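Input: structures, listed below.
Shared between the two complexes below is chain A, which has chain B as its partner in the first and chain C in the second.
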Partner chain A sequence: MPDMSVLAGPQQHQFNPYAENGGTILAIAGADFTVVAGDTRQSEGYSIQTRYAPKVFRLTDRAVLAVNGFAADGNMFVKKVKQRLEWYRHAHAKDMPLRAIARLIQTMLYAQRFFPYYVYNILGGIEEDGSGAVYSFDPVGSYEREACRAAGAAQSLVQPFLDNQIYFKNQTAAPGQSHPTHLPLSDVLSIVIDSFTSATERHIEVGDGLEIYIVLAKGRSLQGVEGLRGLREMSSREDGERVFVLQRELKKD
Partner chain B sequence: MSIMDHNGGSVIAMAGKDCVAIASDLRLGAGAQTIAMNFEKVFPVTDRLYMGLPGLATDVITLREKFRYLTNMFHIKESRPLQPSTFAHLLSSTLYERRFGPYFCEPVLAGLELTPSGTYQPYIAGTDLIGCLNFAKDFIVAGTASDKLFGVAEGLWEPDLGPEDLFETISQTLLNSVDRDAYSGWGAIVHVITADKVVTRTLKGRMD
Partner chain C sequence: MDHFPTNWGRPNYNTFDAHATYPLHVHPQPSSSADGVQHTQQPIVTGTSVLALKYKDGIMLAADNLASYGSLARFKGVQRLQAVGDYTIIGASGDMADFQYLQYILDNLIISEEINPQDGHKLGPSEVHEYLSQLLYARRSRMNPLWNSVLVGGFRDGQRFLAYVDLLGTTYKASTLATGYGAYIAQPLLRKAVEGKEDTLTEDEARKIMEDCLRVLFYRDARSINQYQIATISAAGASISGSLKLETSWGFAEGIRGYGGQTQ
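Right, the complex of A and B next:
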């Protein structure tokens, strides 16, 4: 075979430093708790790289971070946030408050404004006043505190469902009554599991496993988490805010 | 942006117990600009069969008129009721005739099929723009908000809903989906088809 490459035009090669690894994350704030969840499938194109790659991480006893997008960037970003929180502990002998973590994440993301972490972040936890809080970020650090947020591959499937079930959008309360501003934990957990089973059914990049982090405010009773199958405590002490993980299976096809 | 998304709009159909429902939004746009807020995309085919046509508005009107002609011809030539399953295959072959220069619509059907025993059975179907039929047991979605509709419908729909519950389910699904879609919305219209009547309701939605 003669060398045909001399006949072809100039060839360009480019390295793409980013990938999109699928999956979906979701967080919902209650009055005195927050739930942060993510599926555990990691994919590239039509291939599944692994069925168990966590996207949700405990930062402190009152803060949980979910990262979705480019998995390598996500893991690196979580590592750096954890490192900054450790330095804060050494300097101030306490955990960083949630709103301060949110601002820290903004500055860390914006520091990479011209070579961003290709990651959507959702931070959930307990505020200093004891209320549940969710902060959602774009890849360059623009952020907002909300009651609920979905992000990732199935955001478009899950977010309108949450608008309806959490914010009661397009629903009118009975005369003289009003919709609750915060739902009880058991209702929130049901909605989270329903959201992920729905997303798994209709999106190829969502499935395999579901990891649900539950953060409870200091002094809150265990109502809503008691008796849950396979509940694991992640917090370092019982007299502060407490973090629990719940694992569920999702369809693997 | 695809030509399918130029005018915006979404349609959904759902099956219930002895009833079906089909609904569309009312927006007609040209890209991001809204042109009209009264553009219905669901049309009656027979007394017990409705067809939704989201997609390029010019083709929506062309196809609506084409199928009005074809159903009229069917009634003249065959002098018997046109069943949904018959119409679905007429739809499919009509669209496939334009395989290499298609109409930019994704039709959705919702109707009641007459069974040999004389009862009516829920029938919903959808096709892509070249007529590939999709028979679903639960719901069919199409249009610019289809991904949102899939997510919400998958969460809200359940088997064997009666006409009133089916109306509530399809309405909530459509309204909450189009509220997250810039190219759909501006009100909605819902048809609930039962054996003895069709109930049509116009819904107020977010106007932004």
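Right, the complex of A and C next:
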């Protein structure tokens, strides 16, 4: 006999404070650069809310943050991280180092452990030793430094591709040779663009536009970004780390 | 019954923290009723879609005049478009009581911003939208949402502004926006008519597009009505039309088997 008691009494609707707004983000670290990218579509269910809602944000001249998940939480989280970085700047007269920003983000996420920001974060930039770095987080603050990471709606499509192309998983090097530890910037940009065009083909929540942030270590030449169409510089000075954005179109269907 | 006479006539320590042992922001609040506080669990008297688009001179918004009580067309002369300050018009769907509360908050905001600083600065559409989204996000975070989807249109310093915010605090901008059923029925029509033509559409053309969309909505959305208002916000300022009547034609119904005059 099925339990009918649940049918008695008024039906309770619970307000759901979360939504899932689609999209995908991705970051790859090089030897002396980092690339952080995200598509610009924001959706809910089968509806496209807008074709341009940025998910990648410049925090400092050497740190870029990508957020994906519930857009309202993401915007609020970025706003609060930026505020904490501004306070740090006023207190210490310098920008917060990347690994410190990573720990700050873990603390801020864990502070909301029992009502989490429903957001997957990927932080990319340049470490104090000049190396490119990517930190990835889960919604409650677990994090690690990695060479590359994809997150969001098409994570399951993109991450295996990156494992193969960046970590050379399931590839055997030619006899007497080994795989490179870091790829050049131009190769990384091609991999990022291919990742997003492929994800756009196969995932309905990915598309419309692509925003690629490129962070270059201090003193690095502009090799790999020179002559790119639609490139815009975002850095505040030319003698430190430099940040560029590259905007491209993705299919809109 | 408290059996300690020294406590008689004093506030209960459950409701008064004599030693300030809590940080200010988590101070326990005495509850006004024993059952706790009722939060909005569902909208009651509701407005349906609001539409908005960018055109050559500014932003145009449209909404019908109905506030429904479930499937009952309860209030047929409700204004769902409202000017906020000199540069902004908002349009709301969802719970009309919550919308009236939003209007009250925004009216007081505009007044206090005018009186208190006396610095000549005025709130523009982006500030109004930011304020609204922070308010709605804060309310959803307290699990006590204001049950609305709001479109904010504005024009200031030669710049057009059009953005959305809803009960979850979700925000976005686009050149055409629609709430509720309009997001499914009108938004595709709006995008086809407007995208890429934002800088050339005249006010008359925009008005025609809006009327066409409202008409389709009236044919298909059972919670809509054929009376509507259109608002524009441009360099000339904000203007909200009076209540207008939609022209509809039902001649095609005669040809539908089972509805018209056929006998078999």
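Here is the rule we go by: the second predicted complex is superposed on the first by the 244 of 253 C-alpha atoms of A that agree within 3 Å, B and C clash if a C-alpha of one lies under 4 Å from a C-alpha of the other, contacts with A are read in each partner's own complex, and residues count from 1 in each chain.
We adopt the following convention: a residue touches a chain if its C-beta (ideal position, glycine included) is under 8 Å from a C-beta of that chain, and two chains touch if they have at least 3 such contacts.
A quick note: this is a predicted structure, and the numbers were derived from the prediction, not measured.
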Report task. Mind working out whether A:42 is in touch with chain B, chain C, both or neither, as first, second, both or neither? Result -> second
Query raised in the report: Touching A:114, do we find chain B (first), chain C (second), both, or neither?
Result: neither
Report task. Would you sort A:15 into first (chain B), second (chain C), both or neither based on which partner it touches? Result -> second
Report task. For A:201, select first, second, both or neither according to whether it touches chain B, chain C, the two together, or no partner. Result -> first
Requested in this report: Scan A:157 for contacts with chain B and chain C and give back first, second, both or neither.
Outcome: first
Report task. For A:72, decide between first (touching chain B), second (touching chain C), both and neither. Result -> second
Report summary line: The chain B residues in contact with chain A across the complex are 147-148, 150-152, 154-156, 171-172, 175-177, 179-180, 205
**Report entry** Residue numbers on chain A that touch chain C, as the complex places them
**Finding:** 13, 15, 17-19, 21, 42, 44, 47, 49-53, 70-72, 75-76, 115
Requested in this report: Over in the complex, which chain A residues touch chain B? Could you list them?
Outcome: 154, 156-161, 163-165, 169-171, 194-195, 198-199, 201-202
**Report entry** For the chain C and chain A complex, residues of the former touching the latter
**Finding:** 39-42, 133, 137, 140-141, 143, 145, 164, 168-174, 183-184, 187
